[in-house]
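Note that the chains take the letters A, B, C and D in the order they are written out, and that residue 1 is the start of every chain.
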Amino acid sequence: MNHRSLDVSALPSYRYGHHSLMWWGMMGMIAVEGMAFALSIAAYLFLRSQSQEWPLGVPPPDLLWGTLNVGILLASMLPNHWTKRAAEQGHEHRMRIGLVICALFGFALIAVRVLEFGTLNCRWDSNAYGSIVWLILALHTVHLATDVYDTLVLAVLFFTGPLEGRRHVDVAENALYWYFVVYSWIPIYLVIYWVPRLPS
Amino acid sequence: MRLAALLLLVLAAGCEREARQFQVPPAQAKSLKPGYANNERNAYAMSQGKTLFRWFNCNGCHAGGGGGMGPPLMSDAWRYGNTPDDIYKSIMDGRPNGMPSFRGRIAEEQAWQLVAYVRSMSGYARQDAAPGRADALYPGDPENRRDTRN
Amino acid sequence: MLDAAGPQAARVLDLWWLTLAICLLVFFGVLLFCGLALWRAPKTQGPAAPDLASLSMAERGPRAAVAVAVAASTGLLFVLIIASFVADRALANMGPPDLKIELTGHRWWWEARYDASDPSKTFATANELHIPVGRTVLLELKADDVIHSFWVPNLAGKKDLIPGRTATLSLRADRAGTYRGQCAEFCGVQHAKMALLVTAMPQDEYDKWAAAQRESAPEPADKQQARGLELFVNGTCAMCHAIQGTPAHGRRAPDLTHLASRRTLAAGTLPNTRGHLAGWILDPQGIKPGVNMPANPMPPEDLDALLAYLEALK
Amino acid sequence: MNPLLEKTWSDPPGVSGFFSAIDHKTIGLRYLVTAFGFFVAAGLLAALMRMQLSRPENTLVGPDLYNQLFTMHGTTMMFLFAVPVMQGMAIYLLPLMLGSRSVAFPRMTAFSYWIYLFGGLMLYVAFFLNIGPDAGWFSYVPLAGPEYSPGKRVDFWAQTITFSELSGLLAAVTVIATVLKLRAPGMTLARMPLFVWAMLVTAFMILFAMPAVMLASTALILDRLVGTHFYNPAEGGDAVLWQHLFWFFGHPEVYFIFIPGLAFMSTIIPTFSRRPMFGYPAMVLALIATAFLAFGLWVHHMFAAHLPELGKSFFTAASMLIAIPTAIQIFCWIATMWKGRLWLATPMLFSLAFFFVLVAGGLTGIMVASVPLDFQLHDTYFVVAHLHYVLIGGAVFPLFGAWYYWWPKFTGRMLSERLGKWQFWLFFIGFEVAFYPMHHLGLQGMPRRVYTYPADLGWDGLNMLSSLGAVVIASSMLLFVANCMLSLRRAAPCPENPWGAGTLEWATASPPRAYNFDAIPIVRARDPLWEASREPPSEPDHVVGLAEKVREALVTTAVEAMPDHRATFPNPSVWPFISAVAVTVLFVGSIFTPWAVVWASLPVAIAVTLWFWPRHKETVEHLAIEKRP
């Protein structure tokens, strides 16, 4: 080691948030999927602008389950935030509890989501309106399911090990992704349930 | 492995499904009967059949296969039989009370295309070859979503 | 496109020459400076030591030069943008139409319906348009199956025919003549053989032509033609083709009421002669593979009769 | 040579090692070789088309096959060659240019390669089984819809899109994370090589453009398979929706093929002018401006589809204004050469062709950007000429230059200058002969995508000429392959930095060791190797203190590139490959039944989970050197 060297051995092995590579990877994915949501909503509005009546020949979706899902998603942000904090403090026991709670919320959401498809008052193949509504809802459901599965895997990992510090970062990033799932649902909810109720 | 298996499957299916035979091979010029069998595995033949079904206004009586003045073609009940030969005969020679004879008015290969399409309406055709939905009003499940019965 | 026969095409042509001039100027300008740089800069073989002078002192001269070049090209660009806007506006307003034609694209032929205030005066033809010279013609463009695009370079630019929508294009021919057009949007197997001819003729000739087209088909002149008509009506033809004044009313293929008056067969695929017509009837798939017309094998005497009748449809 | 590091960072040997390789250099080269393979394949298809068109009323290939040929040609060139080859270059070169040991997500990079390979193979297997797509690389509905494209041909096209977009998106995410987090200490954004800037900009464009076409092609498959009505006007759908979604991706696509070309230019020209790039800040801003404008002009592909006038005017302006950033870069390159000492080696020749070819293509681009002119030129051979001038002039010529330039880095050997110059002139002349006449064909009214044309229209001569040009191009390609073969067989090893270039990738062995750098360098300039002498001798110039027994790399801050933390990197694994196989089963299966999405997602989930599941041994090693924040 000559005098022109810079010793980095003192640096930590992992850091949270935008310091970590994981965060950037996750942000990339969020950008891609956010774009996909934005475009499918744009397609929805484009099709709406092309037809006289909207929704096409069916009543707008019933509000009950979708609205309930908004509630559950918003509520799920609390345990999610709590888990994220625990992760950032490296509090493994709390992370275990948090992951389990988040997973339970996830199951509840998926269950309600199944009921939601029933309240759309149309099939995917009844007309273009049905097609786009099913597409948007299915797209969001895929993200929901993915993150729930992700949470489950992490939960199992945290109960069985082997663990190292950067897994805490994974938990934090998983929580970040969950925020995306929640925030993206708000505009989608408005489009699916309230745009059809607008006077066109 | 599974990929390879799947590709083999495609290999078996692909060729006959996708062939687009525009000209009638001289071998079959006399009678197309030997050729019809492929029609039910050939996407192009059945989509042509679907087009002709509309062009020759079969809907006029059979209303998109749902039935009307004429019997439904999507049901499993066949007054005059559901084999390709039966249907070919129904089209070419006509049937009592209403079904006119089209012999001499539509070309034989077109008749066999119609036969294959009519059978696809009740799901007798290969599902990966049967026509999808038309750019028209929704008449119920498209042919390629109707369960295969053979 | 380089030989404009109408105001639409002419305006585009003017814009074309302007754009071409400016682009050539820029092109050779860039090449000139690139060439000068190559010519004046000292050459070296192999990795000579890099010249890092630019790091310590700003290069005023080159910077100014680049700035000027960018400014100049930007200026020229705006000239083009404005010219393009102006031309576009001009194309948009052609004044009220003197004649309305509904043009429908099919795979792979063109169906033209000449409207008239008096519905009895409307008539249909296929793969050929006849228009009066110096009159504004409004085309209502529709598609029956997939997207096609109407394009007659000598007369006007393209307009897509999109299923579920109606487009309009108004054009005018200032010179008498026949102009070839072709489908310009890929529409399937026979996209290549979907041409149409636009014939511009003086008003009086046009009126004569239109009057003739409004007539229904002439009665068969002799027994052979009568036999031909019978074959047509009771054979496969009538399932898709129409001949006004006969029981044949198919709308799926070109209206043949005045077939003999047309220049081409099968959307510009063949010249309209007895021989080609015979070949077309017997084996269309050999000539235009994938076309929706089936082969019609028939004994020679029948073919002669059919041809005799069709040839008489002036 | 550091044997311990070599051992730590090498991919395992043997067959299993082949499938579990994650070294960015290995993956990068696989990308390049595979992409070149598809380039040749698509070139052969084009040759066949030129043969068909060389004479009027030719019957060499029928319409059905011809339509498959041009669809395959376009799809291959755009999705299986142009984008992947650029990403391959980025994956191989970025860590070396940035002074890093690896790309950000090596396993994901391997996965994206396998997905790309399987997608491409699927398309060609389909083609040879007569399931080749035949609705054009743009697959306009309703022609590509269920009623007018029977069978599975278009479904295979749409699924190829899904494959290549998935792989492209993952690679883009990797590039972004690599560039922003794995730069050597001191390489602030303002010191990044223009190559890196261009690749970063491209990656961001991919991120925002590709989802559009994935959405569109998914909707298309649904229309065809389960009878949805996205594009069915009778049920409230709209054919123009497809065109909007497709071109919202399709136009930026051109730019993420073109911008890497600029990256090669901005690397080669300074090196062979023996001076730093002129106007670096302007160049960077121009790149960013191009990226933004590229999203504002997709509609100029749809002028003939009768849209509102005002909209068209806006898109005309945008389409023309995008010429300005390109002009800025062109003038900066000229200024660089003007003030430099020129070394006209083969890479430089290919770059100089850019000024001739791309500039011409750009100007014809300005012509078709004008609504009235586009009405006449759209979908004619004029546009065929234009797009080949832009893509070949803007991407392929620089790409060949880049190939000659970095070949010594890839192999440690030089390519023959003599053969190289021959290949250049053959390619250049062949290109002009093949594509210049198409301008005139277009002006004479010859539309695109026609499998034949009548004899009496006077199009024969120019078509024959163009076909002859294709022969010349083919010969230059043969020469190119021969040159590479000979170099691998015969050429003597070359010095580490044969071009005397200034960027970091030349600061290490050629070909580089598995671990890239003996010590991570510290950067203080845009051309570190050139300006090394100007550095204060007291300041540190390399990093120590990274683990050598474990894959550990230095992560720096996004803007200032200050040392941030030491991240452990994953070891080689076969699971990315297995996951790719599982995903392939899912995609291909869903061409035939929607249920494939359900049952095939199980193997995918399992494979991906095992991919991420930490191994006990590794964890122990990591814990041994772990420092908590």
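Here is the rule we use: a residue touches a chain if its C-beta (ideal position, glycine included) is under 8 Å from a C-beta of that chain, and two chains touch if they have at least 3 such contacts.
A quick note: this is a predicted structure, and the numbers were derived from the prediction, not measured.
S.K.: Which chains end up together, and which apart, when subunit A is taken out?
M.R.: The remaining chains, counted without subunit A, form one piece that is still joined by touching.
S.K.: Which other chains touch subunit C while also touching subunit D?
M.R.: Touching subunit C and subunit D alike, sorted by label: B.
S.K.: So which chain is farthest from subunit D, going by the mean of the CA atoms in each chain?
M.R.: When every chain centre is compared against subunit D, the largest gap points to B.
S.K.: A-D versus B-D: which interface comes out with more C-beta contact pairs?
M.R.: A-D
S.K.: Hey, how far is the Cα centre of subunit A from the one of subunit C, in Å?
M.R.: Computed from C-alpha means, the inter-chain centre distance equals 51 Å.
S.K.: Could you please state the distance in Å, as a whole number, between where the Cα atoms of subunit A are centred and where those of subunit D are centred?
M.R.: Using C-alpha averages as centres, the distance is 31 Å.
S.K.: Would you kindly tell me how far, in whole Å, the mean C-alpha position of subunit D lies from that of subunit B?
M.R.: Comparing mean C-alpha positions, subunit D is 44 Å from subunit B.
S.K.: Centre to centre, by mean C-alpha position, how many angstrom separate subunit B and subunit C?
M.R.: Centre separation, subunit B to subunit C: 35 Å.
S.K.: Can you tell me which residues of subunit B touch two or more of the remaining chains?
M.R.: Residues 20, 22, 133, 135, 138, 141-142 of subunit B touch two or more partner chains.
S.K.: Hey, what residues on subunit D touch two or more of the other chains?
M.R.: Residues 64, 142, 147, 223, 226-227, 229, 232-235, 238 of subunit D touch two or more partner chains.
S.K.: Please list all residues of subunit A that touch 2 or more other chains.
M.R.: 125-127, in rising order.
S.K.: Chains as vertices, touching pairs as edges: which of line, ring, star, complete or other describes this one?
M.R.: Basically it's none of the tidy shapes, so other.
S.K.: Taking the top-of-page definition of touch, could you list the pairs of chains it picks out?
M.R.: So, checking each combination of chains, I get A-B, A-D, B-C, B-D, C-D as the touching pairs.
S.K.: Given the complex with subunit B, which residues does subunit D contribute to the contact?
M.R.: These residues of subunit D touch subunit B: 64, 118, 125-126, 129-131, 142, 145-147, 150-153, 223-227, 229, 231-235, 581, 584-585, 588-589, 592.
S.K.: Enumerate the contact residues on subunit B facing subunit C in the complex.
M.R.: Against subunit C, subunit B makes touches at 20, 22-24, 29, 51, 55-56, 104-107, 109-110, 135.
S.K.: In the complex of these two chains, what residues of subunit D are touching subunit A?
M.R.: 104-105, 108, 169, 172-173, 176-177, 180-182, 185, 207-208, 210-212, 214-215, 218-219, 222-223, 226-230, 232, 235-238, 241, 244-245, 248, 519, 522, 537, 539-546, 554-555, 557-558, 563-568, 605, 609, 612-616, 619-620, 622-623, 625-629
S.K.: What does subunit D use to touch subunit C in their complex?
M.R.: Of all residues in subunit D, those touching subunit C are 62-64, 67, 135-136, 140, 142-143, 147-148, 233-234, 238-240, 273-276, 278-279, 282, 304-306, 309, 312-313, 316-317, 320-321, 323-324, 327-328, 330-332, 334-335, 337-344, 352, 355-356, 359-360, 363-364, 366-367, 370-380, 443-445, 447-454, 457, 497-500, 502, 527, 530-531, 534.
S.K.: Across the complex, what residues on subunit A touch subunit D?
M.R.: 1, 4-16, 18-21, 24-25, 28-29, 31-33, 35-36, 39-40, 43, 46-47, 50-51, 56, 90, 124-132, 134-135, 149, 153, 157, 161-167
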